[in-house]
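Down below are the structures I want you to see.
After this come two complexes, each holding subunit A, first together with subunit B and then together with subunit C.
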Partner chain A sequence: MRRNLVAYAFLSPFFILFIIFTAIPFFWALWLSLQDGLLTGPKTFVGLRNFAQLPRDTITRTVLLNTVKYVAVIVPVAVTSALGLAFLITNRVVRGRDFFRALVYFPILAAPAAAAQIWSYILAPRFGIFSYILSALGIGDVLFLANPQLALLSIALIEWWRGIGFHVILFIASLVGVPKELKEAATIDGATSWQVATKITIPLMRPVILFSVVMGTIWAFQLFDTVFVLTQGGPMHSTATMVWYIYNHAFRYSQLGLAAAMGVVLLLIIAPISYVQMRVLGREVEYA
Partner chain B sequence: MAASISRRAFLGRMGAVGGLTLASAAIAACAATPASQEPGAPEAAATTAPAAVAETVTLNMWKGPHKAAGDETTLCAGPTLETFMAEHPEIKVEFQEVPWDGYNEKFTSAFASGQPPDLSYQTESFPTFVKAGNILPLDDLMAQSGFDKDYILDLAWTCADFEGKNYAMPWIEGGSCMFYNKDLFEQAGLDPEVPPDTMDDFLVAAQKITELGDDTYGYSCDPRGYHEVGQWGRRWGGDWFNADLTECIADSPESIAGFQFMADLLFEYEVSQPAPIAGEEPGATGYFRDGYIGMITAQSPTANSIRSEKPDFPLGSAPIPKGPAPEPMGRAAYGGVGMLAIAQASKHVPESWTLLEWLVTPDALKSWVGCLGFSTAAKSVFVYQDDPVLSVAEEARQFHVFWPSTEWYFKFTDLATTYTEAIQLGELTAEQAMKECAQKVNDILSEYHSS
Partner chain C sequence: MPRPKAARTGSRAWLRSLSLVPQVVLVYSLLALLVIFMIGPYLFIFGTAFKETYTLVSIPPRLIPENPTLENFRDIFSTMPFARWFLNSAVVAALSTLGTLLVCSMAGYTFAKKDFYGKRVLFMVLMATLMIPSALMLVPAFLVTNQLGLVNTYGGLILPGIGGAMGVFLLRQFIETLPSELEQAALIDGASELQVFTRVILPLAKPGLATLAILSFTGSWNSLIWPLIIVNSKGLYTLPLGLALLRTEFQVNYGATSAAAVVSVVPLVVAFSFLQRYFIEGLTVGALKG
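And then the complex of A and B:
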């Protein structure tokens, strides 16, 4: 009994926080999605009206498409480039591994809003560092954030810079844990470095890659800070994302029910995608 | 009996603990010391303490800053409120600058927790709080104190009223006018003391300044700056809405003509700085300050910002050049009203009203609003008579167009900004943009009216 109580005592802070900050807000959001009203005022039950209203809003369709486009670009690019960087950093011929590890991880430590503000200066036409370099190369002004065709890619670039460190550190830890014997045996059997990486190392890293892909997807669907600071969804809604639009409905338009309904829709999108990712990437790897 | 705890029993207990925690938090929140009470002063002590102590009331006042963080408190609010507290020793005011980022969120959570500031500065988001019952109607207080509503600009009341009741006191009048660079005027062979009076003059001046070359443009405007961009249609005789705000009429031929002129400045005459560049750092005002732009339209505090950053800047100001529409709409400029409101949950309504009423007296207006570079909402209070730049901006109040309070304001401005930006980026023609915009705004209106 005493042993159990101690265990539960250690677990209880998590459960209390989980109930207060996850379970209650989750069910409250579900309840709100069926209401019409303001955050602090009276609310009216409207059933599924908020959900029915979403497809009629053309901006909802735009933000959904933007979000999907963004996820489709950022997740594969971030994961594959992080994998490449992890291999590079852990390669025996590379010196100063700790330095590079720190270098890729540092952006995560920067506050998202501050990082976004710094990027606004880096990407600024005429006076930004990128513009300076492009001008020196004979390329004129590239309007990274003001061109509707480029803005979302520019946001993806910033988010890649911010998030890559997480994946790289994860992959490095996983790479170090791959048994050397397997790689050495394969090398003795005549496998090339590429074959060792693709046939042995990467398959053994699958659980970590799966975690990285699932978390990367969830975070990508939640893109907000950089858009909020840099573009406010513009130009012409080209960088407007689901979470940015949810925020606007909740705090600018005072349509809390609609915001909650969008949140529920986002959950319904993320959940099956994560499930499929887990089914596809989560298969056990066995070496007889 | 073996002492063990099952998983289900544990979860049940944890649920009870969680419930108790929440209940305790709720009770604590309800019983918490009111925001406006002296911190640390026990309630019992307040009732039994000597009269001089018991009668001192502390009011909380929140406002979004109109200067660099902290400067408004030090330079404007502090000295003004010191004067008030000297005149009213029974009232202590604790002023707090609330950053504009998250302004609505902070108020929302303050109202939700039942501990809002007694007195607050409100802008366009104010109908949301009124609708939620967070703001105290002022009609009775005004009637009791005999406040003369005629003291305030008539149109400013349209911003402070909601559904037939008055909920706020117009205080700051933040409107736009034209600022120009006298040196660039001189270099372009224009008289720096004679700013353009009509849109034809404006175009000529913009062309001559643009001809100076070296990335110099006659005019610039932030493509997402709805306050400035949104006025072009009005200067040609159009408007965004009909008189009772039930229909968006931005697709009228007059309105389209106004926005077409804005597009022509960019693409036909090429005298306006390309929108994608004006919209990025350092922005239209920054390029103007750095000497690349001849003319901009901006709110009056811009003058103080520019002069503090570049004290020798050859700054001129003028009303907006007149478009084809008759005055005052021919010179239509953005007008915004910053208001003071009392929270419904305030425990000190009479004291809050005393402060509010005092803050609109001429001396208080000059001390605080004048310090910010804004005009005042009082008809007869002019702050900048000795300032050649701001006095012109202040006189331009007659051309300012105010927004009546509506709960769909932000939804509309976000759409309007998107479409006016599309014109400036060359993605849509003025006609396409305004027709599409009007249709979508009307959809929003019907959505609000139906709910």
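And then the complex of A and C:
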């Protein structure tokens, strides 16, 4: 009995905050999706009407499409390029692996808002470095952020820069852990280094790659900061994402119900992916 | 192992092996590209922060300012409450980090070392919250904070950032590996439960605490969306919020935004160069935070 009391006393500071800022908001979020009204005003129960209205809203379709497009571009590109970079950095001719590991970490340090400001100058039309290089190559002036066809890809480029280090550092750690004997045995049996990589090393890295894909997906679905700073969802809603939708409908358009319903949609997407991730992580922890 | 001896002798054996030259050239050219791409934006913005206003839009773009000036830094500190924003960010990040360390270490210790009724269920509930996207909680967390009268206050910026299932998980994992004999010996010597925690567990858990501290501090320092919804007076802005709204609320140029970005990134870069190990360790655990 005393044992229990001591334990609960130690847990209470954490769980008081947990109940106020996590548990209550979670159930409130579900409840809000069944209501309509103003942010801080009275609300009425409307059942599932918000969910019925969601697909009728033209922005909804754009927002979902943008988010899915973004995820479909950034995740495979980030994971495969990170895999390539990890192989590059751990190549046997490379000295100073720690230097390169620190190097890819640097962009992670930048706040998304800071990264957005940094890149807004690099991607600026005419006098930005990218535009300058492209016009020097004869491609002409490119409006990276003002062109609806390119804006989302430009955002993806910035997020790639900011996030790639995470995957690279994970992969380096995993690559270093692959037993040398396996690779050497295969080489002696006449396997090329490409075969060693694709037939031995990468299959052994599978849990880490899966973890990486899942994390990348979870983050990509919640893209907001960079969009908010650089494009405000524009031009022509081409960079409007799900979280952008939630923020704007709740805090700007007084469409609380739709915002809450979109939040639940996001939950339904993220929760199963996170579940997979926790299973993967759980297995890793068991093996460790 | 049937392997030619030459391959293993001396760290510079690769230099002598001519067949490796093309590989070395290729690998290092690619690495040079990587260096340019990762560090280039920082160097560019660093140069820009010291450029004179009229050279900002020069074509071709210049990397190194002709006449370096502090004009842009003077600008951001004089035309907007930038010093205040910096201070706000520092205070908010420091206090939510301290709070997180305190509550998560107490909870993490309890889950690691104590047996109590409901332990398994509580821990599972905690882990389940890691699956919730933070954007879902945006509106209700705002409403809760509003109910508590904390909108547009330091309390509203700090309190919701304290805690987090991820911190408990990290410290539980860490404290579990500490030998239990030490606590038992201390208890037998007549130490109270609180003394065991503060004098035995916390000192041993320092590396775990350092990792969590860095995660929590950088998370708070860089966070945009929560300050954005919870604060509306400019005196309470944090750096990312100031950076984000620079362009809409203040008439500023790229020189000023660059200077602001530099000021926001430099503290973390300095911290990183001293505490790299903990930053990198935190990376994988931090990934858990939805």
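Simple rule for what comes next: the second predicted complex is superposed on the first by the 244 of 288 C-alpha atoms of A that agree within 3 Å, B and C clash if a C-alpha of one lies under 4 Å from a C-alpha of the other, contacts with A are read in each partner's own complex, and residues count from 1 in each chain.
In the analysis below, a residue touches a chain if its C-beta (ideal position, glycine included) is under 8 Å from a C-beta of that chain, and two chains touch if they have at least 3 such contacts.
From a predicted model like this one, the values you see are computed outputs, not experimental measurements.
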Taking the superposition as given, does A:22 touch the first partner, subunit B, the second, subunit C, both, or neither? second
On the A-aligned overlay, A:128 touches which partner chain: subunit B = first, subunit C = second, or both, or neither? both
Using the touch definition from the top, say if A:103 reaches subunit B (first), subunit C (second), both or neither. second
Tell me which partner A:180 touches in the superposition: subunit B (first), subunit C (second), both or neither. neither
Give the label of whichever partner, subunit B or subunit C, reaches more residues of subunit A. C
Have a look at where A:279 lands relative to subunit B and subunit C in the superposition and call it first, second, both or neither. neither
Counting only touches as set out at the top, which of subunit B and subunit C does A:88 meet: first, second, both, neither? second
Which of the two partners, first being subunit B and second being subunit C, lies in contact with A:169: first, second, both, or neither? second
Looking at the overlay, what does A:148 touch: subunit B (first), subunit C (second), both, or neither? first
A:119 contacts which: subunit B (first), subunit C (second), both, neither? second
Once the two structures are fitted together, what part of subunit A is touched by subunit B and by subunit C alike? 4, 8, 15, 20, 24, 39-40, 120-121, 124, 126-128, 251
Enumerate the contact residues on subunit B facing subunit A in the complex. 2-5, 10, 14-15, 17-18, 21-22, 104-105, 108, 111-112, 125, 128-129, 131-134, 215, 223-224, 275-277, 279-282, 407-408, 410-411, 414, 417-418, 421-422, 425, 427, 440, 447, 451
Footprint of subunit B on subunit A - complex, ascending: 1-2, 4-5, 8, 12, 15-16, 19-20, 24, 36, 38-42, 53, 58, 120-121, 123-128, 141, 143, 145-148, 232-237, 248, 251-254
Which part of subunit C faces subunit A closely enough to touch in the complex? 1-3, 14, 20, 23-24, 27-28, 30-31, 34-35, 37-39, 41-42, 44-45, 48, 56-61, 102-104, 106-107, 109-110, 114-117, 119, 122, 126-127, 129-144, 146, 148, 159-160, 162-163, 165, 168, 173, 193, 197, 218, 221-225, 228-229, 239-241, 243-244, 246, 254, 257-258, 260-261, 264-265, 268-269, 272, 276, 279-280, 283-284, 287-288, 290
Which residues, counting only subunit A, touch subunit C once they are in their complex? 3-4, 6-8, 10-11, 13-15, 17-18, 20-26, 28-29, 32, 39-40, 85, 88-89, 91-94, 100-122, 124, 126-129, 132, 136, 161, 165-166, 169-170, 184, 188, 211, 215, 218, 221-222, 224-225, 228-229, 242-243, 246-247, 250-251, 256, 259-260, 263-264, 266-267, 270-271, 274-275, 278, 281, 285
